[in-house]
Every structure is written in structure tokens, then in C-alpha cells.
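The same subunit A turns up in both complexes below, where it pairs with subunit B and then with subunit C.
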Partner chain A sequence: MGSTRKEPVIALAGNPNTGKSTLFNALTGLRQHTGNWPGKTVLQTKGSYIYKGRKYTLVDLPGTYSLLANSLEEQVARDFICFGGPDATIVVVDATCLERNLNLALQITEITAKVVVCVNLIDEARRKKLKIDREKLSCLLGVPVVTTAARGGEGLPQLLNLVDQVVKGEIRPQPRLVQYDPEVETAVAKLVPQVKAVLGDLVNARWLSLRLLEGDLTLIEAVEKLTGKNKHVPCGWC
Partner chain B sequence: MEFSTPLRRLVATAEEVAGRNQEKIRDSIVKSIYLTAENIAHATACPKVEKSIDWDRKIDDILTSPVWGFPIMFAMLAVVFWVTITGANYPSEVLATGLFWLEDRLTDLFTAMQAPGWLHGLLVCGVYRSLAWVVSVMLPPMAIFFPLFTLLEDAGYLPRIAFNLDCFFKKAGTHGKQALTMCMGFGCNAAGVIACRIIESPRERLIATLTNNFVPCNGRFPTLIALATIFVGGSVALSLRSMVATLTVTGLVVFGIAVTLFVSWLLAKTLLKGELSLFALELPPYRIPKVGQVIVRSVFDRTLFVLARAVLVAAPAGGIIWLFANIPVGEMSLLATFAGWLDPFARHLGLDGFILLAFILGLPANEIVLPILIMAYVSGGALMELDSLAALRHLLVDQHGWTWLTALCTMIFSLCHWPCGTTLFTIRREQRSWRWTIIAAVIPTVIGCGVCLLLNYLVRGLGLI
Partner chain C sequence: MAGLKPLKAIPNGAFAYVTKVNTAGLTRRRLLDLGLVPGTRVEVVRRSPMGDPIAVKIRGAIIALRAEESGLVMVRE
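Right, the complex of A and B next:
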């Protein structure tokens, strides 16, 4: 094993039924079964694509609405984004119901800054006469945003380009984080230094503090497994 | 789980900081995230997502309504079968004619080369003929059914079926998503078993896995369709034939769903007791399927894949069956001897020894059950050409004494017997247990035998035949 990974790993996250698998197939040329029903992708699927002469590994995560409720799918997705060390994460959101989809995007940008938001199904949005201000969305989220229609291939070159730039560090997204109530923020401020002291840069300290405050022990279990004797990453697919 | 000291300390500190407000903090966190998402969405998407007419909702009100939901579902099912049955008829005949014409030419070739009789028998009557049967009987229904089914799936109708059936599955004590895995079983039971992964609770997933076999997969549809067309359809006027056949197949599918529910209920009450897990079933938006893409995908990825699998199994199986049918043991062939052993038992089920033998030999793939049966029947008697359903009817009814009861019992047994080899292999892989794999084979077999036995004696007892 070399110390540096030659092939960047890209995680593909998003709500169920946003066309994640379609996007995955379009990018990798694989023919993973797609269908219009939620929960179709149960385990992650790996594929790869080549962009500008460089091979990228793409991991299709199970579709989830959040990373908070601890279903099996959510843990798989969360642990991969958090501990699987993706070089960038694409968050696919449904252009026709942005509000619900942004919940997940906001939670992911709390974990990692290396995010590209892909507003998919833009063709459907257009049909519904829905306009999305891509630049403003990018500005408010603090991460690059691209609009796509994966079924027709629209916007995919731009997406690949943005991912490439994020991976190379040419773009360094500065996510605008969710501001919580003062009591929560005070508590987080108290915890962050202690988390940093124990875990260093292993996990985003602010995010872990928040999970600690709400008593999410499944995450601590995952951290334990990671820091424990066997350095096995509990990402469910190794 | 035991945590290491530093982590334990961290958890303790967090509890201290949070005090007794953990729940409150959680709510507050979730609320903040939602509010932020709402604000961003409102600032960037315009007009606000208020459609003048919510078509999806309107369609859902009809498709999942308590009154119209079920009739529409069955109508949809019937239309799909009707299109499959009527649509498959013609290409099926053309294929059969063509392929059997080729068989004659092959025979000519063998004669011209003065090849020994057994070689011609093995390769032409065995291998080639079963291939010809599998292709001409299986290909047309599959090539029509798969795309139709994929269109429904792509449009988003499957979750609506799940929604309609949810209350039944809930009453049976199992997971509502089982309706989805059941639907996937229509394509292929092995795929249905894999789809069971979407059910989180191991108990409910196991129930869904064990009962997936009760919906006929694509390997069994053509058998059902052929028999329904010959026997049920054959007894009515020509104009009504495909309609009646359609209704029969639809009825069988409904029967299969009823058995699924019953067995699920039985398992949930006995072997697999447990809590019912709650879930929110999301109804995805309807999407207009990309028709061209669907057809290409389903023809190349599914139809040809399934057909290739069937052909790969059918070719060697055809050769083996021909050998069995032509190796004499005393007065009879090996095949006839086996069938003779099975016959007394099979008669109780309304079948005969050859039918049961065909099901047993069809374990590798259900697609080859009918070809095996035909070969077993044909090779015993005079060599005849089976290039149409009428010829098949002649073979079954006039030469082997089939009645509508035989056909019905065969169809029911096809619906309820051990899953095919691929499905069993998949169950073993998914459940990692030989025990449950065996149970998955035993349950449908017992049910199938039971129903056939009951039906057989009931019909005969009432003097209906």
C-alpha cells in the first residue's frame, strides 16, 4: 500500500429518489438497476470514471433524508462520509423539492467541507416553471453548486469539473454552517476543545460535539472502532 | 459497547454540559437545520414550490383511493398480461415455425452425412429441440412483459402498489415494503430476494425472503400463459380466448399474492414472532419514463440475460433428458422408470409422474420445466413436431390424458414449489443460513402439494370431472 492514494474517492450522497443511481450510471457507464421507488440502493455500489486522464472512484451511498435518525442506511452513509475519507462528496438534491433535500446537504457540510451540491432533475423543475438561483444557492451554502439533468446528461461536464477542482484543492469550499440556538452554541463551544484534545483532526470537532450533546452513541461506537485496536473502518463495504 | 477511557470521559462531559436537556437540544438542533434549509430554499427557488395544480396528488388520490385503488391495480395487472399474452402469440408461432423448419434441415444434414442415429437424437432431438422450445415459448412473453413492467416501475407505480397493499401486510404482521420486494419477484425471484435488503428488521426481511417465491417469475409466466391459453382459453370461443387466458393468469397471480399473505401471517404468528416495525412509505413523484431507454435496457439487460441463462441450462439439460429418455432400463427408458416411481404420488396431486419429474429436473431454471415435459412425453412416443400450441394441446390431451384439472394443478404447482436453483443460492447468500434456505424450499412445496391434493380430491369427489 502506498502512502498516497492515486485514485480519488468520491462519495455520492442524497435523498432517496433524487436520481442518484441515474447519475451514478451516467458517470460510470455502469448499469446499476434504477427504478422509481425509494430504498432501491441498499448498499453502496462502487464504480469509476476517468476525467482529464485521472481515474476517480465513485461510491453510491444509500439514499437518506438525514444523517441523524440512525437507520442502517443513514449509518452506512454517515460513516462513509465521516470515516471513509472521500476526497470529495457530491450531494445530489432534487430541484423540485429543494427545501427537504437541503436538510441533508446542510448536515453533510457540517461533516466535511469538500462538498459539491448537484441540483438534479433540473429538467423536471423547468417543466414545473421553477427557477433556481444557482449562484445564490452556492453563496448561501458556501459550497459549489451545479444544476444537472442526469437522465439527459445535462450539466455533467460542469459537475466533473467542479469535483476535480475540489479534489485538487483549487476550490476550497467554506460551508456556511447552520447557526444553532445560543444555548446549543455555548455548549458546543465548551465541548469542541475537549473533542479536539482527544481526537485531533480525525473527526470534525463541531459536528461530533453536536452529536455528543444530543447523545448519539452510535457515532461514538464508530469512533471507538476507528481508534480502537483494529483500525477497521466501519463503512460496511470493505 | 465499552468505550475507551478518553471517549468515555468525553461522553461524560457531554452529558454534563447537556444536563437533562438532551432531548431538548436534539429538537433544537433539528429545528435549526430545518429552518436554515427552509430559508435557503425560499431565497433561491422561485416561485415557491406551489404548483397551480398538484397533479401527482390528484393522481395519487385515485390510484391509492380505498375505492379505486384495487380495481385499477388489478386492471393494470390484467392489461399487462393481456398485452403479453396476445402480443406473444404471433411471434411465438413464427419463431416456432422457423426454428422447427431449421430442425428439419438439420435432420436432413445429419441424414446426408449418414450420422449415427444416437448422435442425431442427442444433438437435434435433445439439445436443439429444447433450445428451440425455450426460445420460442420464453422469448416473446419476456420481451413484452419486461419492458411493460419496467415502464410501470419507472413511472413510479410500484410504491403505489405497496401503499395499497400495506394494510394487508400489516395485518399479516409483516413489513409494508414487502409489497415492493414482491413486485420485484415478478421479474425474477432472485432479484426479489436481493431487494429484500430494503427491509431493515431481520425478522421481516426473512419473511419477505421466504415468501418471495409465491409470485411467478418470468421463468414461470410463459408456462402459466401457455397452459392457460390451451386449457382455459381453449374451451371458449376464439374471440374470447386471450381474454379468458388473461383472467386465468391474473387469477393465479392474485392467488399467489393471497398465499404470500397467508404464509407471511403464519410465519409471523409462529416461527418468526416479533415486533412490527413502523416505517414511512414515501410516494415518489411520477415521472414520464424514457420509453426508448426502458425498452433497450429491459431487452438487453433483462430479457437477453434471462434468456441466455435459460438457454445455457436448457442445452445440456436437453441432451441429458434425451439420454435419460432413450437409455433403456429393462423394457422402459430411464426417464419413464423415474416417472413411473413418481407417478403414484403425483396422481394424488392431480399431476402425473412426468410432470413431477419435469419440475424436479427443472430445478436449475424454471424456464425449462415445460420443454423437459414435452421432451419426456415426445421421446416416449412417436416423433412429432410441436410447432404450435394446437400441437401441444394434442400431445397433452389426446396422447397423455390431460384434463383441465391436470392443467390447473400443474399451474398451481408451478406457482407453489421449490424456488429455482439461482433463487435458492441467492437466499443462502443473503441469509447466510442453510437452514432458512431449506425452509424456503420446503414451505412452498408443502403448500403446493397441499393445495393440489385438496383441489384434486375436491373436484373428483364432487364429480366435476
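Right, the complex of A and C next:
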């Protein structure tokens, strides 16, 4: 799918203050330019880097604690990950407070499997005598994990290599998904085929079904945008 | 239960533990996403001059909560 596109697009997501922009700048060097819409905060920054002779576009998303679109920033991040079709998403987490950061990582792996978790600020963690068991974390999440210190460049070659492998499909992450209460799972099972019938492979049907059950109206708008708002499906009443 | 109060009643510099989030739907989800799940230690770091919002340390991050949010979170000291 996306991997045949000439220039793979990589999303950078994570909680606020985890070093996304530092990572972005380290990877893109002077090639970055900012993209903001007049009258709004800077919401996305795009840049590019070259790895193994191939150009990658990197999109720095706003820092958020959640992807449930409680704010404009969350909506931007969610819409990009969900509908922007990134070829991979790097979830930057803070090594010194993993617990807080993993909530977002789980929410993102519910949307897409093409994830690399980047445990940043590993130098800070070391200073605080925290030890990160990278392999165990990777095993628990079901996605590749790399430890980095974006300020200083540690771990960046490994990160780029993992991203490249995920984009090419050489690594196929299998996220461990949250199983909800039977009530919820039964409802999801009913919704999924209907969502698939309308949207096909455009979005992750399980994830969208869960959000629809929550009554997330912003998502319905986003889906309408995606499918062309006025596309009228003959309904038999008209 | 004795000692149960809303997070907004906790004085600056004091900490408490979340016992309950008294709301439903997306507001509840938002508070949970900020890390306010039962058992979590929360510390009120400071208050704005009018007392609203308050800055609360939750699982390693300092987060500003408006009174209408911090009033929904029940804590025990």
C-alpha cells in the first residue's frame, strides 16, 4: 500500500515535552519548514530526511496526552494518524515517566500497527538510575522499541533503521490490543462489518467502531470529510 | 467514607489519592487520559491568583485543571 509511494510519510507523535521537536530537528537538519494555518497555533511541522538513499517526509505532530480529540491539537494528531495514511508512526515517550506516556502509545497502536516506540530522554533516565527493559517493553506492546537521547543523537541510527523496516514491511508489528468488557466487544463486533462496508480499508474499523460507541461526533465529521461530505448514498427513501 | 473530598479542596503542597471520577462520557475519558485513575497520587503544586485553575502533578507531569474538572475528581488524603 503506502510503502510503494515514492516518499514515505512518517508521523511523530507523543505526549507534550517528550522531545519530538528535538528529534525532528536532529533528523531533518536544515530541511524543515513549518506549516501553520493563519489564526491558529502551529499544528504540524513537515520536514524530510534521507535514509539509505530514500527520502522520507517527517511530520511533527502536536504533543497530546490522548487522541480523543478533546482539543484542536488532539484532533490534528488523531486525524493525521488515522486518516493521513502515514507509512509509519513514531511514538516518542519519556523514559523518566513511561507509565504516563504509555496511555497514548496504546491509543495509537489501536489505530495503526505501523508503530515504532521511541523511548527518549534515556540519558535523563540513566541519570535518575532508571533502567528501561527495551525488549520486555517491546514484547508487552507488540511493537518495536528503541531507546534514544535525541539531544546528543544517541539511538537515532537504530530508530531510522526500525522505521525503514516497518515502512518496507520487513517488520510487521503486532500490537497487543486492549480487550474491553464483553458488552463493549459484542457491540464492536456488530459495528465492525458495517463500518468496513462503508469505509473499506480507509480506516481501522475496530478503532472507529469504539469511538462511535463513545459517541464521538468530531469523528463523524472527520469521516465525512474523508469520504466527501456530499456523496449521497441512495437510501431508498429518496 | 471519611476523608473523601474533591481534588479542588486540596491545599497547595499537599497530596492525595484519586478514589473516583464523578462524571461520565468524554469528560470522564479525558480525566482518565490525563492519568486521573483511581489510586493515582496527585499533588497540588500551585493555584492561580483566583484559585482556578490549579496546577496538579499527576504521574510525572504538571497539568492545569479548571475547577469544574478538579471538582469531579474525588480524592482521599
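Criterion: the second predicted complex is superposed on the first by the 210 of 238 C-alpha atoms of A that agree within 3 Å, B and C clash if a C-alpha of one lies under 4 Å from a C-alpha of the other, contacts with A are read in each partner's own complex, and residues count from 1 in each chain.
Basically, contacts are C-beta pairs under 8 Å (C-beta built on N, C-alpha and C of every residue); 3 or more make two chains touch, one makes a residue touch a chain.
Just so you know, these numbers come straight off a predicted model, no measurement behind them.
When both complexes are overlaid on chain A, the residue A:Leu68 reaches subunit B and subunit C alike. When the shared chain is aligned, no partner comes close enough to touch A:Ala222: not subunit B, not subunit C. In the superposed model, B is the one of subunit B and subunit C that contacts more residues of subunit A. Of the two partner chains placed around the shared chain by superposition, neither subunit B nor subunit C is touched by A:Val167. Judged by the touch definition given at the top, the superposed model places A:Leu106 against subunit B, while subunit C stays out of reach.
Contacts of A:Ile10 after superposition: neither subunit B nor subunit C is touched. Of the two partner chains, neither subunit B nor subunit C is touched by A:Ala26. Of the two partner chains placed by the overlay, subunit B and subunit C both lie in contact with A:Cys97. Common to the subunit B and subunit C interfaces on subunit A are residues 16-17, 68, 96-97, 99-100, 103, 214-215.
Contact residues of subunit B toward subunit A in the complex are 1, 3-4, 6-7, 9-11, 13-15, 17-18, 21-22, 25-26, 28-30, 32-34, 36-38, 40-47, 49, 51, 150, 153-156, 158-159, 162, 177, 180, 197-198, 200, 282, 284-285, 287, 290, 297, 301.
Partner subunit C is touched in their complex by these residues of subunit A: 15-17, 65-66, 68, 70, 94, 96-97, 99-100, 103, 214-216.
Interface residues of subunit A facing subunit B in the complex, by the touch rule stated above, are 16-17, 31, 35-40, 42-43, 68, 71-72, 95-100, 102-103, 105-107, 124, 128-134, 136-137, 140-141, 151, 178-181, 183-184, 187, 190-191, 194-195, 198, 209-210, 212-215, 217, 220-221, 223-224, 227-228. For subunit C in complex with subunit A, the touching residues are 25-26, 29-30, 33-35, 58-61.
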